[in-house]
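The following pair of complexes shares a single chain, subunit A, combined with subunit B in the former and subunit C in the latter.
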Partner chain A sequence: MPPRKCYRCSSRATLLLRKTLASCSECACKAVEVRSKPLMELARGAALLDRNGFLDEMRGRGSSSSETTGESSSQSQDSRGAVALAFSGGPSSRALLHIARRLLNPPPASSASSSSEKDKGKRKPVDVTRIHVIYVDDSALYPSDEGGARDLTEDVRAIVEEEGGAAAGLDFVPIKFEDLFQGQEEGGQLVLAAGLGEEAGSTSTSTSRIRATRSSSNDLSSPSPLTSLRRLFSTLSPHSTSPRSLQPATRTRLETLHHSLLQHLLRHTAAVLGCSTLLLGESATRSSIRLLSTLSTGGGHKWPVEGSEAIWVDEVLVLRPLRETGGKEIAYYVRERGLTCLEPRSLLGSGGSIGGLTRDFLLSLEAGVPSTVSTVGRTGGKLVLKEEGSVQSLGETMIPYASSQQGGGWDERVAGRSGVGQKGDRLMATVLTQTQRWTWRAGSANANANSTRVVLPCPLCGLPAQQEAGRWREKITMRRMGTRGEEAGTGKADTASTDARGETVELDEMLCYPCLSLFLDAATANKGDNAGLVLPGHVGRIVEERLCYERAEQPTMATNGGGSKSVQTTGEDEVGDQLDLDAAADGGRRQMAAAAPGVSANGAGGGEHTEGHSQGARDEESVAILRRHATRRLDRSAMEGKIGGYLLEDE
Partner chain B sequence: MPPRTCAHCNAAKAVLRRPKTGLLVCRSCFFLVFETEVHETILASNLFSRGDKVAIGASGGKDSTVLAYVMKTLNERYDYGLDLFLLSIDEGITGYRDDSLETVKQNSSEYNLPLKVLSYKDLYGWTMDDIVSTIGKKSNCTFCGVFRRQALDRGAAQLGVDHIVTGHNADDIAETVLMNVLRGDIARLSRCTEIVTQTPAGAGESKGCGGGGGDQEDEDEVDPASAAVDFLGIKRSKPFKYAYEKEIVLYAYFKSLTYFSTECIYSPNAYRGYARAYLKDLEAIRPSAIVDIIHSGEALPAKGATKQVQTTCSRCGYLTSSADGLCKACLLLDGLNKGVAGMGINSKPSKTAKLAATNGEEQKSRPSPQTLRAAASAF
Partner chain C sequence: MASSSKQTLDIKLEFGGGTELLLAPPRNKKQRISLPARADPATLHKTLRQQPVVTMPADEGAANGVSSSSAKEAGPADMRFLVQWIRNHLIVEREELFVNTDGEGVRPGILVLINDADWELEGELDYELQDGDEVCFISTLHGG
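Take a look at the complex of A and B:
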């Protein structure tokens, strides 16, 4: 068989991209870079907007003085135009770092401030001033008796230096995972009051209240961030005595929590560093796996924000430039370019989880149907938030600036402002008009959306949360029947009333569906022994902001049917709303009767099924039916095969 | 170890662990909770109105058997005021459907529900045995699914019912969500978790769907338009949307209901099988995964997933969104009758349509060698 030729340059092919498509080494590498270029251009455009003061409004820096004066001080220019890049040391982020450095081409750190003057004519105009390479050290989460516990910060620093370091405009920013628990001064710490447990082994569709209380972070008894982090994760970790069958579920919880917190930490760090953009090295393969995993854990509603290839999450533009590139192509790129990267290590170790299962499933499917990953990726890219208007183009959400510049479109408003020519102006206009922004803060999206209900964030993951996620679970499982009284009557719920300011936050009314499942499952696994668990600092901040927002938007939310009460003083809990079986049955009958116009609640024509239909009568019916069916022939062995795991031993 | 008590009544001995919630429950509480969940689903979606005539799609399998039993029970217990019927479709699969239909007939007499059976042979002139012998096992589910959906509507129209309920359970819906993601079917993904679908108002006004009166049909050449039966406004719903398949089996087991449990003999190793296997693995890891996927699916509107404009089939009057004016069933039937079974299935219908047209017109349009030479000389 003759050697295959590259589909681009007709030279000898060395890489089989698909069954019918072969490529030479150089073309394959160029293709990876070309595919990521459009999103890198958005990063440049966002940096230009930042350098020209357009983003000040959404950062809360007051009116954009730079637009009115046309000038900005050199000091503020220094801190603007920076881009953050999440770097784990793995192949994807290593490839991303290399591509970002080449395409964004930041100036050396020492000359950043004056590059526009000194290097005029020698190099391209500067738009991205710096790339902050953020590495999150999560070694504290690994058991110390395993090899993975070593802090890899210095190894990662060496890789950044290999890419050029400060001389190439790269700033290495190492942070610790436990930094999540820093900065709790604003709203005080939130401490989990009680996660009411169920019987061990019960599954996540059980329902409980998740309450948290505020406590001062100045309290001497407050645990250190490291202790808080370890406690949070150990609450979800496999218990030494827990059955092996429950361990995959536990690993799934760890996986979900780790991912959610890491993403939030990265976005938060990028915002703190003043970066306009956060670059994530998520490949097409990884993105498809995450989409399926997210759907499987009930998080589909937030995928349009969580998985988007380009979206402003509040004030940071989150970009995934490698989302069109498969994992194998990235591995090939890293090898061909001779890039050093670290072995990816897994927090979960060996064993199953939803993430691991999904990865195996998708990769095996991809082996037979090669377009699976790209199809799933494209499907995910077409999903939108259910609440229309809660995601808008960046320009539409920048109300103060837009209103101050009446007349004309963004093309006209940015004309001549980039300082790098018409291409720069067009780039800024593109970012303003074509990138979407999800935000919920008063005065931004809501101001434009008029009557549209804003999707508020989940305090734990910081991404969109649906209202009343917990009630949805209760509604479809009838879990509350006969068990609500137990929950309300436990002593742990009362513990909340004695803390701090006597204020209890009903977290279950604020958390998104997957995060709520996390807490409920953890409460189940630990038999409710979660009291005193300190939550990451941002949880308290987001809760506080949500409460402020809800108070400010109360009239609007009331008309839209939203805005449930989230903070209760202890003792106001609705203990009395518990359902019992008879009440449910009677209520249901009344509702059906009421739904029929002109029919009385007693039910015309249904005299024997009136309100007096008692449990005893139903039992008699059941017995009668059972007797009628008692003589039937059944293939019981086949039925038992399907349900055997759920029958107790003596059945 | 002492016997464990029911988590609901705290009195009776628990006999099973609910697959959906993991709670230990006794037999009577399980029955009541299962039925109440279905009742709550019906109420929350406002599925029925008093006096509705409702057809229960009955195949004789576990889902439809339990659905018939539960619908009858709830109708009496909560005084829905519904007229219930059983509606069954005979696909003509020897050794499978003939046996399961016996189960349906047994259920009909036990539950005292009128039964209507429609057969593919009467409606379309083809049985599934005939179709499989013609096209093989590949893609035969497409024929069966399309024909069955239309047959149910026709049967419902003949019975004069307002509503068809089917036994699709939570597992089925979750599988469909996954499958639509895997194959990138955005339009279906956006609507596959809807509990009710309904014939759009105004559609099908020109003609009835026909096909209902089997005695009016010629077995060789079906002319469904000859029988005008109005099927407008027939709703379809899935009261078991949140019911786990395992709980349905448990319910049938403890109620000792009769159902037919054999898989269809023509069911191939279809793409759905991958989604099903994945879902079972997910459920093993995390039992709530099924409802979690449904929860995700309910919140998944997609860009550009607008509903297609529906018109009526120019031949039988059934709904279609096809630009050529033929419904899917008529297109498939055309293919079968003309010996081009791939028509309507293959991804490039234009080729098959051309081929069908060629065969249908007895090679009238095939160019002669002289014509070809003349055409070539023009270049």
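Take a look at the complex of A and C:
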């Protein structure tokens, strides 16, 4: 077989990509680095924004004086411009660490000039001040009898030192998975009020509520974080007497919960460290696998945020620089660069879980059709949040701040501010105008709040949650959500079951569909054992924020008759859902009428003419409701206000 | 034992990315084997799991009662033969995590390098092994 030549340098090729593109070793490695560079530039731009105070208001630092004058104390500058990198020790994150260190080139940690913009021409101007390498030790979740409980923190530290350590601007930050339960929230943590699958005082197994109450922060009998973590995961596992057929479902739940909590922990840690950016080493292969498995578990609604290669999740820019690189290329890159990785705990079989089966399926397809992974990834990249306007560019979400300053576009505002020349200014402007942001926090939304659709987060995973996933699930399953404290269609304002600390919180009304399914599906395997189960600390915090937000929106909802454009009300949702159900039901009735002429839906004689006439009347009514519903989404004054934010003031 | 260029091939194997976990303890990532130069199916008998890994003797074909005439009819040892040999002699558990469902190739997601080059450029399973070749199996399934 004649040797193939590299597509770039025509030397002997050593790696085949997608059956058609052959590359030599050096060009293959360079291609991985070059493909990561655009997103690394966004990380630099975010760091520059941070160092120049543009992100202060968003992050509650309130240093408007430093923004206007461009001056910052050396002490505050040291903590700015930091980037977080999630490191698991695997090949993808190892490759990411190597690439980030090379492309971002942070100064040494001990450098006295880290607070100055330029070191007398000896160093390049600094944008990223340091890289916090975050490693999450989850050894507590592995049974010790399987030999997987060894803490690998020191092994990871050695790898970071091998990459350069502090001398290369790398700051190793080890945390434990059980830190999710650390830091008692004000008012105590949330605990489940009753066993999953049980409604207090009810013996019915067909109803499910997930209620939680707040435990006292001074409660000495609270379990340790480690105990709470293990109990949470064991809750999702069936009893030993349960049939083996439940094991794949159990594994799916555990994988889903592990991933959701891990991602939240990483974002939270990055925010606590004051980092403007979180780098994740997810490859194209892994991203495509996760897209399909997320869709399979009902989490497709949050993919535009969860799977985006560059998006601000509240105050942290989450980047996936390896999103365009396949797993094969990464493995080759790691080997050719001689990078050390952690040994995996086990070589994973599918285990019957959705994630494992999806991985095997996709890799099998990729072997025969090499463009499978890229096609799945590109298609997933086209998904957007259902709620129009819920994701905006970073600059748009900061307009309330900008409007208080001088007029002009972002290009003018950042001109000359980066301190690293025009390229730095362009980077900042690019981040402000090109990166999207999803946030729900009051005070950081667009000044024209009425035109912004706010999607509230799920308390468990912290990502966008569908409105009333539980109610939607109730419509398509036999399981009922149980009694409620409200009349149907009156909106959240009348919901008596959600309330402040000390009283019961209806979690099932806030959780997104996959997180809700985690608990409800586990209820079939594990009943009655979960009362008093402590939930991670962030659950209570997000619940409190949601309740505060909803209380703040209640007057607006009351004034507008429950039709506020800024909040997707229960009334609008129920109308929309009812229309969908009516359309489906009408379709069914039409089919029945067509199949059995002469018999109407209500069983009366005189058949299809009568049925068709009443059918037509219902259709007209449905269309009228749809038109009114669609009209409410357009608001001219709100659109004018939004456009006005970009217009220069009349001289 | 020095390998004869006519009867055995000196092959260096390397396992990474988790594939080494399928091997018998001590799970050496790098191993040196003497592979029969002819892809004789009779040499693909499985070793007992209790026995330590041994180098294939040059005259194993005769020791197993295989006639010299059948050994001559077998083609040169290729990657297809090597994968089967590894499955039968080195893999002690979960062989389905290494070998493809059709029983011939490797499981999708395992990168195979022959002398630091992608085996897809060398003909994959049809590549005829040479004395001194280095074959590397790296699992890409773990991501991370």
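Structural remarks
To be clear about the criterion, the second predicted complex is superposed on the first by the 493 of 651 C-alpha atoms of A that agree within 3 Å, B and C clash if a C-alpha of one lies under 4 Å from a C-alpha of the other, contacts with A are read in each partner's own complex, and residues count from 1 in each chain.
We adopt the following convention: a residue touches a chain if its C-beta (ideal position, glycine included) is under 8 Å from a C-beta of that chain, and two chains touch if they have at least 3 such contacts.
This structure is a prediction, so every number in the text was calculated from the model and none was measured.
Once the two complexes are overlaid on the shared chain, A:Gly89 sits against subunit C while remaining clear of subunit B.
Of the two partner chains, neither subunit B nor subunit C is touched by A:Ser224.
Of the two partner chains placed by the overlay, only subunit B lies in contact with A:Leu292; subunit C stays clear of it. In the superposition on chain A, A:Gln434 makes contact with neither subunit B nor subunit C. Touch criterion not met for A:Thr340: it reaches neither subunit B nor subunit C. In the superposition on chain A, A:Lys328 contacts subunit C only, with no contact to subunit B.
Touch criterion met: A:Ala22 reaches subunit C, while subunit B stays clear of it. Measured by the number of subunit A residues touched, the leading partner among subunit B and subunit C is B. Within subunit A, not a single residue is touched by subunit B in the first complex and by subunit C in the second.
Of all the residues in subunit A, the ones that touch subunit C in their complex are 1, 3-4, 13-16, 19, 22, 25, 88-94, 281-283, 285-286, 327-328, 330-332, 335, 341-344, 346-349, 359-360, 363-364, 366-367.
Residues of subunit B touching subunit A in their complex: 3-4, 7-10, 14-24, 28-29, 31-33, 36-37, 39-41, 43-44, 46, 49-51, 76-81, 110, 177-178, 180-184, 186, 189, 242, 246, 249-250, 252-253, 255-258, 261, 274, 278, 281-282, 284-289, 291-293, 295-297, 299-305.
In the complex of the two chains, the subunit A residues touching subunit B come out as 198-199, 201-206, 248-249, 252, 291-292, 294-301, 303, 352-354, 357-358, 361, 365, 372, 375-376, 378-380, 382-386, 466, 469, 472-473, 475-479, 481-483, 513-514, 517, 581, 584-585, 588-589, 591-593, 595-596, 599, 603-606, 609, 613, 618-619, 622, 625-626, 628-630, 632-636, 638-640, 642-643, 646-648, 650-651.
The touching residues of subunit C, counted against subunit A in their complex, run 16-22, 94, 96-97, 108-109, 111, 113, 116-118, 120-123, 136, 138-144.
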